[in-house]
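There are structures below to look over.
Note that chain A is present in both complexes that follow, paired respectively with chain B and with chain C.
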Partner chain A sequence: MSTTSPATSPPALTSPKASLFNPTVARLTYRALLGRRRALILFALPALLVAIAILVRSLVGADDTTANGILGGFALGTMVPLIGVIAGTGAIGPEIDDGSVVYLLAKPVSRSTIIFTKLLVAIGVTVAFSAVPILVAGFVLNGNSQQIAVAYALAAAVASIAYSALFLFFGTVTRHAVVFGLVYALVWESLFGNLVPGAKTLSVQQWALAVGQKIGAEGAITSDVQLPLAISLLAAVTVAATWYAGRRLTSLTLAGEE
Partner chain B sequence: MTSLHIDHVSRWFGNVVAVNDITMTIAPGVTGLLGPNGAGKSTLINMMGGFLAPSNGTVTLDGTTIWRNAGIYRHIGIVPEREAMYDFLTGREFVVANAELHGLGRAEAARALATVEMEYAQDRKISTYSKGMRQRVKMASALVHDPSVLLLDEPFNGMDPRQRMQLMELLRRMGDEGRTVLFSSHILEEVEQLASHIEVVVAGRHAASGDFRKIRRLMTDRPHRYLIRSDNDRALAGALIADPSTAGIEVDLAEGALHIQAIDFARFTELLPRVARDHGIRLLTVSPSDESLESVFSYLVAA
Partner chain C sequence: MSPEPTTSVSATASGPAAPAAVQNAPSGAYIHNIGYRHYDGPRLGRAYARRSLFSQSLRGAYGLGRSAKSKVLPMLLFAVMCLPAGIVVAVAVFTKASSLLIDYTRYAIFLQAVIGLYLAAQAPQSVSRDLRFKSVPLYFSRPIERVDYVVAKFAAMASALFILTAAPLVILYAGALLAKLDFLDQTKGLGQGLVSVALLSLLFAGIGLVIAALTPRRGFGVAAVIAVLTIPYAAVSAVQSIASVQGNEAAAGWLGLFSPITLIDGVQTKFLGGTSSFPNNLEPSTAAGFVYLLVTLIVIAGCYALLMRRYRKAGL
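This part shows the complex of A and B:
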């Protein structure tokens, strides 16, 4: 075997500067996200939404109430959190689980940079696979009458940010991030978020709806949370979850298998 | 020259003490970290690699604390024991990504792949690699930034003899070049072949340190226990106990065997067949009853 030149570099052991984005971390993250079998759900759910939209439009014709039901119920209530779970937890959970995250951590790259980059990728994937198809489905359903398509798409985009941060954090805390994420998305957001009045205030879905309400025509979309509160809570959850995820990664220990 | 200093380091997980007050210095050259499974080798390597905080004591690289200091990775290369490594990439993509994370590029990646002789398979997906190929690509990823310290956790596990020899050759050369190379192993022969310096860890404690010949002698000089069956156990026992190489013999009637404690290993192994032949005794079973590494190591701890 050939060898490299002798190692003679003097130690310069300053910590690397944190930045918001590392293209290599991003590339590894999205390739891991889209390369996994779970990624099929990323394609299947939006395809299902658009298929439903086409079917409903051809059977019922353009109808604002039906559009509202499909976009608010299935799309924003179920699809967005599910895609958020897959993208958010998938951006970091499996790497921590199987130990391959060691190749990112054993580098002179700040761990905050790793978290920020993974968050951006998770947000990008969630927006691409939820907000964009919602916009398409909205136009198919009623041609954006009452601004419903745009309103729900923006609400989904806003929700994508909060879900990504939240589920990325789950991914750094527990091996069962997907299970926790699913329970949160389906039980809390879909069930309690729609039924229990108190839970509605603490539901990403309702906060996103508040944004949609502002954009949609008067009375087209309703939320139980006022817009200023909704935006504050969205920002608070996103910042807090990202900060904690960064902290978790900074002190992440890879205990031996002994 | 770069050295790792482990100073009065302990690490516990809940009530379990994995590493117990260990002090050692890993200097340039190849050092073998030897110990049975579960001795705390991985815990130690994880602390040296900055993936685990010591519960007590300090781990430093030329005086700089390793824990929570990503800057040290400019000087440390790590080859983890675990298999997982972005299997959906090709070997080349993987090493290039590692180079980029160091702020380097394709040229350095190509050089590292050449060092481990993996160019021939660099465009295949890692998921198709054999264990040995994975190990070499892991090595390439650790060497890409030309580190002065190289940490390898059980690097020879699952490698075939040829791959093992190649990796040993490579590590030896890295050590000769003045790098600080530390590898862990639970196999004495592996460590003996490669490392001039050995650190032995048993049950979380630092059992021995130094030249392998010294440690090897300690290991062979310990009392050995044998289980022996013959067609005349009592006559054999009488003849063996007369020799000073034997410290004690128990006739186990239930087992139909002799338990023998030999204190002079070389002399006893030569004595046994001679005594049997001279007395016309047929040996049916001769088996060492404490050859497990654990017993060898626990002897070392007591020594």
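This part shows the complex of A and C:
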């Protein structure tokens, strides 16, 4: 190394280490998620939700039960987990899959910074593509009567955070992250959640509904989990998943294609 | 060994100051005969290549001939698919019931999540990897045509799905016969169930492959396939139940056209003697029934046409 370079390079080396957020990693992740045609699948879901909301409003008129059914059953039950899976695993999965993550890991950026940045981007994308359209659809469906639109939008935002952290963690653990994410979202939450009452206590969807219950009018939204428990579980899952994902990334072994 | 081989090129390179060596070289230069021969055995041809591609794809869909890790998921889903059938049979045998708890035609509809996951996991495995590792041009350098590749992949995926969906029906049937249920009744039910899952397999295989063939990345393929299968279903179910609550049964019947699984549900309800999973076990009208069948066949044919179009170009 030359003697003049340390004068300029240390700030460049230390500044990414100092913060938990790295703009370059964020930009790359954002482009990996929304680049080219991938954005289409993410745009299609909210568009469908709003289209259904408009259709139902014009067929049925404003009705709180209907709005509850669509926002709770379709939007929060299916759309949010699916967007969470796409954004959460998509933020890191493909990079690990094709091995290009080594170029990122070789940079002087701490692994937990990488995970945290990717998590923030995934949360941002999930919130933008689920909570915002849910708010719009809620206003279209019944003009926010009983605070339903706001309550579901906030529930979706809370769920987005937990789902992103959870699925990002899946992405670092297994190559089949998308499949396991879907198994959790569709089989555990939808199927077991309906059959086994206890499974609902361990469901991000119910935790988010507990938050929505607090905001919505009395009896508008129901959840099987008490609010304090729901919030502590949400926080616990998010923190634990992010922490463990960071740990996984520090000791990542790249598997070859099967 | 023969004397050291030299060519005129190496002679020029080794002897820069010897023009005589250049002139001498041709006489000393020769090419070793290391025993390359023509292949003059039988050539197995296009049909064989197509058959091999089919059987490799079908085996690959269950992880056979691949690593142990890639067997886990398909085998697990296969077991999950068969498990409820085993339970239903056990219940029927021990309670001496007069009929099975579940219709043959409805079994696949109940377990659609498992079928969807299987398709989402295996369709990209079947075609996306060929795109990503650029092995599609290698296939086409063999004596197979585009149509062979598409037909082989489509048939393999549909067969894999058929195995997945038909195996539990066979278990149900065997159990029903063991429980001494009416033979004719059960055979008819099995026949109807098999036709229904055959249609379902073709439809799902087509949809899954068309989506998977558009991306070389497995992860996105998986997510896209599952999105196309579940999102329309969730949307259709939500709107259907609303229409049903509002008393608009006809609309609820027609709405089923907009998602793959309700499409199959409508067809089997109308033509294969099943009961639908629509709200109130609603049955589509006769006109709607024919439209359901027509749309199903059009979608299958359309998927085939799209795949053919897609593989006009080997890359993306």
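Note that in this section the second predicted complex is superposed on the first by the 229 of 258 C-alpha atoms of A that agree within 3 Å, B and C clash if a C-alpha of one lies under 4 Å from a C-alpha of the other, contacts with A are read in each partner's own complex, and residues count from 1 in each chain.
Heads up, the rule we're going with is that contacts are C-beta pairs under 8 Å (C-beta built on N, C-alpha and C of every residue); 3 or more make two chains touch, one makes a residue touch a chain.
For clarity, every value in this text was computed on a predicted model and none was experimentally measured.
K.L.:
Looking at A:G35 after the superposition, I want to know if it touches chain B, chain C, both of them or none. Which is it: first, second, both, neither?
P.N.:
In the superposition, A:G35 touches chain B alone.
K.L.:
Does chain B (first) or chain C (second) touch A:L195, or do both, or does neither?
P.N.:
Neither partner.
K.L.:
Is A:V109 touching anything from chain B or chain C once the two structures are fitted on A? First, second, both or neither.
P.N.:
first
K.L.:
Quick check on the superposed pair: does A:T253 touch chain B, chain C, both, or neither? Answer first, second, both or neither.
P.N.:
In the superposed model, A:T253 contacts chain B only, not chain C.
K.L.:
In the superposed arrangement, which partner chain does A:S100 touch: chain B (first), chain C (second), both, or neither?
P.N.:
After superposing on A, A:S100 lies in contact with chain B but is clear of chain C.
K.L.:
Identify the overlap between the chain B-contacting and the chain C-contacting residues of chain A.
P.N.:
Residues 98, 257-258, which sit in both footprints.
K.L.:
Chain B touches which residues of chain A in the complex?
P.N.:
1-9, 11-16, 22-25, 27-28, 31-32, 35, 98-100, 102-111, 250-258
K.L.:
Along chain B, where are the residues that touch chain A in the complex?
P.N.:
Residues in contact with chain A: 2, 13, 18, 37-43, 45-46, 49-53, 61-62, 64, 68-78, 80-82, 84-86, 88-89, 97-98, 100-103, 111-112, 114-117, 141, 143, 146-148, 153, 166, 169-170, 173-174, 177-179.
K.L.:
Considering the complex alone, what residue numbers of chain C touch chain A?
P.N.:
It comes out as residues 66-67, 69-70, 73, 113-114, 116-117, 120-121, 129, 132-133, 214, 217-220, 222-224, 226-227, 230-231, 234-235, 237-239, 241-243, 245-246, 248, 251.
K.L.:
List the residues on chain A that touch chain C in their complex, please.
P.N.:
Where chain A meets chain C, its residues are 37-38, 41, 44-45, 48, 52, 55-56, 59-60, 65-66, 69-70, 73-74, 77-79, 82, 85-86, 89-90, 93-94, 97-98, 176-179, 182-183, 186-187, 190-191, 257-258.
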